[in-house]
Amino acid sequence: MPEVERKYVTPGELIAEGSYKPISNVIRIKDKLYATKVGLAEISHEGIRVIPLSGPYIPRVEDLVIGKIVDYSAFSWEVDINSCFFAYLSAQSVFGRDFSPDRESLLKKFSIGDLIYAKVIAYDRTRNPLLSVSGPGLGRIPKGEIVKISPAKIPRLIGKKGSMIKTIESATNCKLIIGQNGIILIVGTPDGVLLATQAIRMVESEAHLAGLTKNIQNLLSKSKEVQS
Amino acid sequence: MRELIDEKGLRIDGRRADELRPLRIEVGVLKNADGSSYIEMGKNKIVVAVYGPKEVHPKHQALPDRSVLRCRYHMAPFSTDVRKPPQPSRREIEISKVIREALEPALMLEEYPRTAIDIYLEVLQADGGSRCAGITASAVALADAGITMRDMVVACAAGKVSGQVVLDLNDMEDKEGEADMPVAIMPNLNQVTLLQLDGMLTPEEFEKAFEMAMNACRRIYEVQRKALMDKYFGKGEAGEE
Amino acid sequence: MMSAVKKSIVVEQLRKAQMIELLSKEKRLDNRGLMDFRPVIIETGVIDRANGSARVQVGNTQVIAGVKIEIGEPFPDTPEKGLLVVNAEVLPLASAYAEPGPPDEDAIELARVVDRGVRESQMIDLSKLVLIPGRKVYAVFVDVNVLNTDGNLFDASSYATVASIATSTMPKFYVDQNGQIKQSNEIIPLPIKGIPVSITMARIGDTLIVDPTSEEEAVMDARITLVFDEDGNLCAGQKGQPGTLNFDQVKTVANTAKVKAKEIREIIKGGITEDAKG
């Protein structure tokens, strides 16, 4: 088992000295490695990375996100994906290449305030992210409740190979759809949704702490006892 | 002329020449802001909010390769002895610029092209050294917002009062003393990002005051670090499972 | 229609549907009843340099008010009354939609409604603030700064204004034999006649609620603020938003708000006496 050293860091703090490779949220000046965010530093033979505890969602191509339609033109919808930029969903990608610009049709398909599950198909430093809803499970979200957490905590919520999510889903009998952009959709009974929300909030506040998995299991089983 | 330092070497608020005023920093005090902080330094009370990175409006103000940093230092009308009208004064505009330029070197703005990062400082109560306290709090708010920073920024003023070089001047010392010199540094990279001088110092006094301010900055940096650590890592040990 | 600046939050359709479904069961998204206020927290004396100050939280809405008292000239049409000026600003710190700059129509409306509540209730006996009639009076400036918005700025700003005025102190001035204004060593409070209380309600569909959050305000059809003095008289009122209220709703609002005002008055008085002790 590779040895991993962990410590809490703040911006500018010296994490280690040596020939480590800076992986993420780390800068290297000569042979000193410094953190660039508040977070948990992990030092291993692979290199040094800092898992940040806050920060904006930076889209990556192939990410699945939950977005909110906030505006539209004759050509596309403008989507709030909880990032530095609004994203765009082109009318052509939804209606087909022969579609001629028409605000009425756009409004009928997705209106302001609708939530969509979409994929980021393009994003680079020169333009806003582009979305697509062509694909299984993508498109307008018809029902459910939304919980927003810091995007930095999403990996922890998913867990190793989806383990954390599966645990919460089975204990609450809910379906969870996770957007990489920090937005989670929960579909289930009111009690299930409440419990799932509590579990998600616990992950958010304890993502960096040891013993989180156990605490989550305790929270979920305690509720079961109360119910039965 | 009022005696600002007595025979025992004590200043009007009982401090020694190189003593800092009481200092307190809180992180994450405003719910809507992306990052926020609150600082009390002596009688100074300042709240800072950071919004961003976010889209720039109007679009032509955006830069293609980095984020635009904007900063607004503003004093509440009730923050000073005599009520100050709400409209920004020339002094506030200059201080806004100087604070922005003090923080910019620490931010890795190239990570967020075509965006803006807004820093809003509101001075609720002022008592000398508010721009330094503001810079210190702003760096904490930026870290709270999760913006990539190559270092923190921390600031403190030193100056001359009744012929002596002193640290962290309060309002009266600033008004009636001989010199006031705010300094801001990036404490890990050892770089100066703000230096202003109002008044007269001999070269020796300048060196002494500069050194005094630098050392104080390092002490204040520890308070910044602790405030961030307490907010984010307050309970429990670091771990994976 | 790509607007350059988003002016207000867009509430998700699902969330709106949830809100409306809950309202039909007389509940709200945050589990409150229709007529329940969020927790109201009042701290006074937070800015010791000011003559009076208060920090108020109504749920997540956070407001700070400061009072500065100076000697000035009275308004020409009220030479025998002290001066009262109430300003309000929604600081750019308060939300992603608040821009720096001079107060917009919402902030001006906010300031004027809060001012009316204090002035018309005669909370401060302005006739006791005269030094030389027509020439020199005490001038009371109240500046309200909104630090974080989550709905119901009217009530939060009013409570902060009222609490800061009620706990204000100032040096007593007098006119000497030569007709000069002199400052004495005595510290006196402002002459207060009672605590006016502002209650804001909103109509969403057919349901009336009290103390709306930002989300509820984004969805509401109409809003109404009423201010009551200690005797239960209405001393200020403001209906907002383009939607309407029918006559029954206006009556319901007036009756409900009067009852809520009594409740909130106790909370404000509690916050004020805390300062006196501390």
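Each chain carries a letter (A, B and C) given by its place in the written order, and its residues are counted from 1.
In this text, contacts are C-beta pairs under 8 Å (C-beta built on N, C-alpha and C of every residue); 3 or more make two chains touch, one makes a residue touch a chain.
Keep in mind it's a predicted model, so treat the numbers as computed, not measured.
Student: Return the chain pair with more inter-chain C-beta contacts, choosing between A-B and A-C.
Tutor: Here the pair linked by more C-beta pairs in contact is A-B.
Student: Greatest Cα-centroid separation from chain A: which chain?
Tutor: C
Student: If you average the CA atoms of chain A and of chain B, how far apart do the two points sit, in angstrom?
Tutor: 33
Student: Cα centroid separation between chain A and chain C, in whole Å?
Tutor: Here the centre of chain C sits 39 Å away from the centre of chain A.
Student: Going by the contact rule already set, what residues in chain C reach two or more other chains?
Tutor: Expected reply: no residues.
Student: Going by the contact rule already set, what residues in chain B reach two or more other chains?
Tutor: 54 - these are the residues of chain B that touch more than one other chain.
Student: With touch defined as at the start, can you tell me which chain B residues reach chain A in the complex?
Tutor: Answer in residue numbers: 34-35, 52-55, 64-65, 106, 108, 112-115, 143-152, 186-189, 224-225, 228-229, 232-233, 235-241.
Student: Which residues of chain C touch chain A in their complex?
Tutor: For chain C paired with chain A, touching residues are 1-3, 6, 10-16, 18.
Student: Write out the stretch or stretches of chain A touching chain B in their complex.
Tutor: Those residues of chain A that touch chain B are 4, 6-8, 10-14, 25, 27, 29, 34, 36-38, 40, 52-56, 84-86, 125-126, 150, 152, 206, 208-213.
Student: In their shared complex, at which residues does chain C touch chain B?
Tutor: 4-5, 46-50, 53, 60, 62, 64, 66-68, 70, 87, 89, 91-96, 100, 102, 141, 143, 145, 147-150
Student: Which positions of chain B touch chain C when the two form their complex?
Tutor: Where chain B meets chain C, its residues are 30-33, 36, 43, 45, 47-49, 51, 54, 57-59, 72, 74, 76-83, 86-87, 118, 120, 122, 124-127.
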